[in-house]
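What follows is chain A paired twice: with chain B in the first complex and chain C in the second.
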Partner chain A sequence: MLGSAYYRWQHKYAPYLFTAPFLLTFAVFALYPMAKSLVLAFYITSGPKSQVFVGLGNFAFMLRDPNFYVAVKNTAVFALFSVFLQLPLSLGLAVLLNAKFLKLRNAFRFGFFSPYLLGQVFVAVLFSVIFAPRLGLLNRALAAVALMPSNTDWLGDPDRVMPALVLTALWMYVGFNMIYFLAALQAVDKDLYDAAAVDGAGPFQRFVHVTLPSIKPVAVFVVVLSTIGSFQLFELPYLMLRNGPGPEQAGLTIVMYLYQKGFEAGDLGYASVVGWSLALGVLGISLLQMRLAGTWKRET
Partner chain B sequence: MKARKLLIQIPLYAVLLAALVAMLTPLVWLAAATVKNGDDFFHYLFFPPPSQLSAENFQKLFGSPALATGEVRDWPALCRKLAEDGRAGRPRPAARVWDRLTPDAREKVAAVARSGKIAPEEEHPLMAALNECLGVPDLFHKADVEGLPLAEHVRGLADRLGAGLEAGDAHRLNRAVLELIVPNTVALAGRGIPFGRYMMNSLFVACTSVLIQMFFSSLGGFALAKYFFRGKKLIMMVMLGTMMIPGQVMLAPLYELIFTMGFMDSFLGLIVPGMVSVFGMFLFRQSMLQMPDELLEAGRMDGCTEFGLYWHIALPVSRPMIGAFCLVSFMGNWNSFLWPQIILHTSDLFTIPIGLNQMVGTYSQEYGVMMAGTLLAILPVMILFFILQREFISGLTAGAVKG
Partner chain C sequence: MQTQGATRWEAAMDRLGDWFPFGKAPLIILLLVLVSGGWLLLHPVKRTQATLRFWTFADTHYYAYLNAKPSFEAAHPGQTVDFQFVHGQAVTTRLRAAFWANLDVPDMVEVEISAAGSFFRGPSDDIGFEDLTPRLKAEGLFDRMVKARFAPYTHRGRIYGLPHDVHPVMLAYRRDIFEAEGIDVSKLQTWDDLIAIGRRVTIPDKRYLLDFPDASPSGLEMCLFQRDGGYFDSGGRCIMDSPVAVETLKWYIPLVAGPNMIADDPGWGQPWVKAVEDGYLLTFTCPDWRSKFTEQQIARMAGKLALMPLPAVKPGGRRTSSWGGTMLGLTKACPNKDLAWQLAKHLYLNPEELAKRFRDTNILPALKEAWTHEAINEPRPYWSNQPIGKLYAELAGDVPPQYASPYIEFAKGKLSEVVSSCANYYKKNGEAGFAAFAEARLKGAADEVREMMKRNPF
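So, the complex of A and B:
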């Protein structure tokens, strides 16, 4: 039997002991690095050992580097397509799957969702082959219906890299986001539809005035999540474009830029500046989105 | 009424089926690509007829690489033997090389060696002889594919032999072969795609991480759900903040930290920084909130320690969440690329994503092998998903819909 002194002690300190692993790892592997990256941002480094103080020099360099703007532009274009092309399609699929009399709903849901399970790395390897000239699935499919010659080099043509990335991400994430919309649709109060129907609302009006407002919190959540995810895009282009930014930097993203500068060129200080810019940018955009959606008050 | 219902149903199913086909086609194509060899990859868009099915791509992943297809099945063993012979001073292989050279070829070798110039694209007679005597057709081509400049070495060898190569020079040739070619071919043979190794590495890292994360996250989540203590609110806010800030901010200093701690190029560098998952703590807190306090009080009456309450009551109660978190955490670890890419340098330690990326660089033209690797790489997550499907979907949407 345990001593009662020990028993009282463990009862008193239990919550602190239970959260200690989190607090410890958080302090060492999140808080300290975050503070350190604020310091590093003022240095030019070469690998983890040598540092030279440059003040705001890193920041100034970043604002003058045309490649940084290319990265921001590419990432922003990708994010726009994610939000305005992919999410409406996800919602559309969810609405279809939510049809009352639909059979095999779970089979469809799993089918649409399955690409997400592959993970970006393996999707990138798969699609680098799908987009390959001559042998790739896409070119052969297009050639089969005589739309295009089969030697289009999707990933070698600067104008086609972004469409290829958008298409790949669409394939991978449309079903994933659909899951959220579908869960939200299934949670909509059925009585609201009945009430609207009694008031003489048609299917379209019911969708606009009942469905959309009901799923708005989830929709905002998905938009924010999707935007944050888009801004962190790295693996997909990096692996599809054979470990680089692709032709004419057409696939350069912010995180890839950070990786190039920080880990290929070895300047951790500069990477920190890019990292903070990304974080602040993402935070700003997320807050703006929540503000626009009018859910800011509810969130706090 | 029935006709109207059909009018809605037919287009609905048509659209859904079309979407389903679009989603599944790349996956089917992937599966088909793994069982076609070489030319069949182009001849057949999807699966070849059953008689043409081939396991070659998978053999290449696990056997020794391109060389496994030659006459010499046991290429690594042969190379080891060559190397041993070399160390023991037995002149066996090179003497045989010299024997295999036709008089014509000997003349050519000598002439080339005299002039000191060999066109880069020229097939050197020495190469042909080596090919033949080692029983590996295309040795040099395959070495090229492997990124090993074996042909360069042979040209260098001819240079070193210098002028006046005669029958009596077999010994010199022998030494040169041993010094230059054998170590390189051994390296080549040892350099097969260690795909099984990558798999084991990934499984080890992912499983260890999942177990550690699950324990610490559920423990933390339990404290946040069922205790009132000073600093709880602060912890919650900190957690929310962590989820809002993209991890890339910390990438550089974290790398520096791991470097200082000496965790570079080791699994510790992958596992230790991610021991506690903030997402997991939220997830477990959410599910444990619904657990009635009476359960815990009853446990305390019986003299159960607080950890005992967690272990015997809270954890079993949140079984569905364990399933969901297991899958999310496993996926995150299994698919993780950027961090392992930064941390790992030795190919023996590579996880699947890093190893596959490396392989894609080497086998950029062998689509079948790439696709076979990809298929095997995605299987574990797929299997886990089939087992945990129900828990996963509910866990994924729990925070979004209810919260």
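So, the complex of A and C:
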């Protein structure tokens, strides 16, 4: 009797018990901070101890804050490079490493994926040395083929900071995104290729009419994920540019600006406004991407 | 026997399945959570039991303080000090978080000069450091220490930090190359004299006279301080676009950019070491702390380097500037403030300790009476047998003040942008329109700082 009551109790409450740790953690570390930051957005603060209500003052200040627009522009440029340069390269690599004629495919797959395992801090330190003027590996290589003088200051020249960041991110993430595409490619129904071949489709036509439509859901997922990741860019430029935004703020990103305002200047209110703008912006862009790709449909 | 055992095992598993019907994997996870959580509860991290906890960001300070610790603890029986070496960036962020949360606040902490102002934001009650003004007055320390060094740690008339150092700037030069080139440093009295030499010895992409950067503000700000300019005045007003600042910027940029540049910034660490060793850089600005750094990093240059005062702006003018600095603050959270003050005096005001430390760090203390100690006046073989402590001490009284502001980091960022954009403009356009561009850029940056300051309601 007791056993059956206990069994019923378990079945009734077990789901709540198992989800409770997540829900509790989510409430404490996500929901509460979000709600608190929404309230803070209406205050000017000096750390969490002192705050003065300013209504929409922070929002008005953001709209005329040139630094915020610099951060948005830099982040958007980086995101565009991520989507239009990094992802096609990832897809190309995936197609190449999915080809049956290639030997040592697994070794290549691991080789391209491995930079991701290093982590952003290590990669930032590594590339700071590679981009060093005069003695950096990149300058040495470029000088060797006589393309540029050897003292190009990649991280000290505002025109070169973004290319340096894009190159670094490319090295780190191209293999990571390749894995998604590779998994999608391996799931494409082989019969579709056979049927297309019987209909006379060449390799390019098979890629356009069979491969791309088949991997579209994964591709959209990777695009959205990559866009969100790009808009969260912080560690790479912060460390590569010596804890700052670099020359003429060429490496200032939205999250770096948020960090500067909130945790260096102590203006948590303004940082909250920047944070909410980022969240809403990323949400809008992601929805737009899904809408354009036709993968966002109302459930019926 | 084996079959019987297996049957018993299966029966036990069945009973377990009845009691915990969610599978073996969740059960193992649950057990791991319980065991590891229990172990952590039973083995908490031991709290430091020391009477005073002291953070420093410089390894040279840290090791020197460890040497000074036994004598302090012997003089104060029953009291212990825990010196902790915390990375410079971490000191700032951890201390800020500690002040905000009133949690894990150290009793005493050394803060770098450029970060000090950021701790003076908000109402005075919110500042985490103890106001040291009454103690400084009672001890008569204003006269015993270099007065200008209190300025960076003073806010709204209250002094929150005891200055660790003076950091006068000299110019380190490759004595061997200067002698080979027939350059007599005693005749280099002004910047004009030095620049003329620079034009003669600089070979583009192969050899430069100075190490001034074109993408960060450190070189310009040092020149600004020498000319009594800076970011803020003693009243906390932004003076980044003062006439002195405009003139200094217009003078500085052609040194670091354009066809007649005589300065290049090789960066830090190994690239800088190699640049000095290769003779790519003939001189570099050298505050006292950098002289020790140089000895450690470029050991192969022993006997080939020497120091000279900075050239003056005008004949007879100031021959130094200032770069870097450290304050020691007592936190409001410290329960033993009198004992902490005793330790501060032991570390910062004991001439014998300071002299010993000078041999380890080359850092000239802010306490003037320590400058006569023999350790500070002895010749150094590395620096071509110059008595470098004496040389720095001779300039120390003339070190310009730097004034504190909670907006100092923001202002530095803006000046960095100005230097970079002006250097780029000059590279592309030369003198055409440069003066107006530089002035407008500086004013724009200063206006941004003022706009930010206007938002402060505290």
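Here, the second predicted complex is superposed on the first by the 287 of 300 C-alpha atoms of A that agree within 3 Å, B and C clash if a C-alpha of one lies under 4 Å from a C-alpha of the other, contacts with A are read in each partner's own complex, and residues count from 1 in each chain.
The criterion applied here is as follows: contacts are C-beta pairs under 8 Å (C-beta built on N, C-alpha and C of every residue); 3 or more make two chains touch, one makes a residue touch a chain.
These numbers come from a predicted model, not from an experiment.
Asker: Put chain B and chain C onto chain A via the superposition and say whether they clash or fit.
Answerer: On the shared chain A, the partners clash.
Asker: Quick one: classify A:I228 as touching chain B (first), chain C (second), both or neither.
Answerer: In the superposition, A:I228 touches chain B alone.
Asker: Could you say whether A:P158 touches chain B, chain C, both of them, or neither, answering first, second, both or neither?
Answerer: After superposing on A, A:P158 lies in contact with chain C but is clear of chain B.
Asker: Looking at the overlay, does A:A132 come into contact with chain B only (first), chain C only (second), both, or neither?
Answerer: both
Asker: So, A:L147: does it touch chain B (first), chain C (second), both, or neither?
Answerer: Once the two structures are laid over each other on A, A:L147 reaches no partner at all.
Asker: Quick check on the superposed pair: does A:P245 touch chain B, chain C, both, or neither? Answer first, second, both or neither.
Answerer: Second partner only.
Asker: Check the residue A:L212 against both partner chains and state whether it touches chain B (first), chain C (second), both, or neither.
Answerer: neither
Asker: Using the superposition described at the top, determine whether chain B or chain C touches more residues of chain A.
Answerer: Tallying touched residues of chain A, the top partner is B.
Asker: Looking at the overlay, what does A:L288 touch: chain B (first), chain C (second), both, or neither?
Answerer: neither
Asker: For A:G266, using the defined touch cut-off, is the partner it touches chain B, chain C, both, or neither? Pick first, second, both or neither.
Answerer: second
Asker: Applying the document's definition of touch, where does A:A60 land relative to chain B and chain C: first, second, both, or neither?
Answerer: Neither: A:A60 stays clear of chain B and chain C.
Asker: Tell me which region of chain B runs into chain C after superposition, given the options 42-50, 114-122 or 240-248.
Answerer: In the superposition, chain C collides with chain B along 114-122.
Asker: Enumerate the residues of chain A that count as touching chain B in its complex and touching chain C in the other.
Answerer: 10, 14, 18, 48, 132, 134-135, 243, 263
Asker: Under the touch definition given earlier, write down the residues of chain C that touch chain A in their complex.
Answerer: Contact set of chain C toward chain A: 18, 21-22, 26, 89, 93, 96, 99-101, 118, 121-123, 126, 205, 213-216, 264-267, 270-271, 274-275, 280, 409-410, 413, 416-417, 420-421, 424, 448, 455-458.
Asker: Would you tell me which residues of chain A are touching chain B in their complex?
Answerer: Going by the criterion above, the answer is residues 1-2, 7, 10-11, 14-16, 18-19, 21-23, 25-26, 28-30, 32-34, 36-37, 40, 48, 93, 96-97, 99, 101-102, 108, 110-112, 114-115, 117-122, 125-130, 132, 134-135, 137, 140, 144, 171, 174-175, 179-180, 183-184, 187, 218, 221-222, 228, 231-232, 234-235, 239, 242-243, 255, 258-259, 262-263, 268-269, 271-272, 275-276, 278-279, 282-283, 286.
Asker: Which bits of chain A are touching chain C when the two form their complex?
Answerer: 3, 10, 14, 18, 44, 46-50, 52, 54, 61, 66-67, 132-136, 149-151, 153, 156-159, 243-249, 263-267
Asker: Touching residues of chain B toward chain A in the complex: what are they?
Answerer: 5, 8-9, 12, 15-16, 19-20, 22-27, 29-30, 33, 41-42, 45, 216-217, 219-220, 222-224, 227, 229, 232, 235, 238, 242, 244-246, 248-257, 259-260, 272-276, 278, 281, 300, 303, 305-307, 310, 331, 334-335, 337-338, 342, 353, 356-357, 360-361, 364, 367, 370-371, 373-374, 377-378, 381-382, 385, 389, 393, 396-397, 400-401
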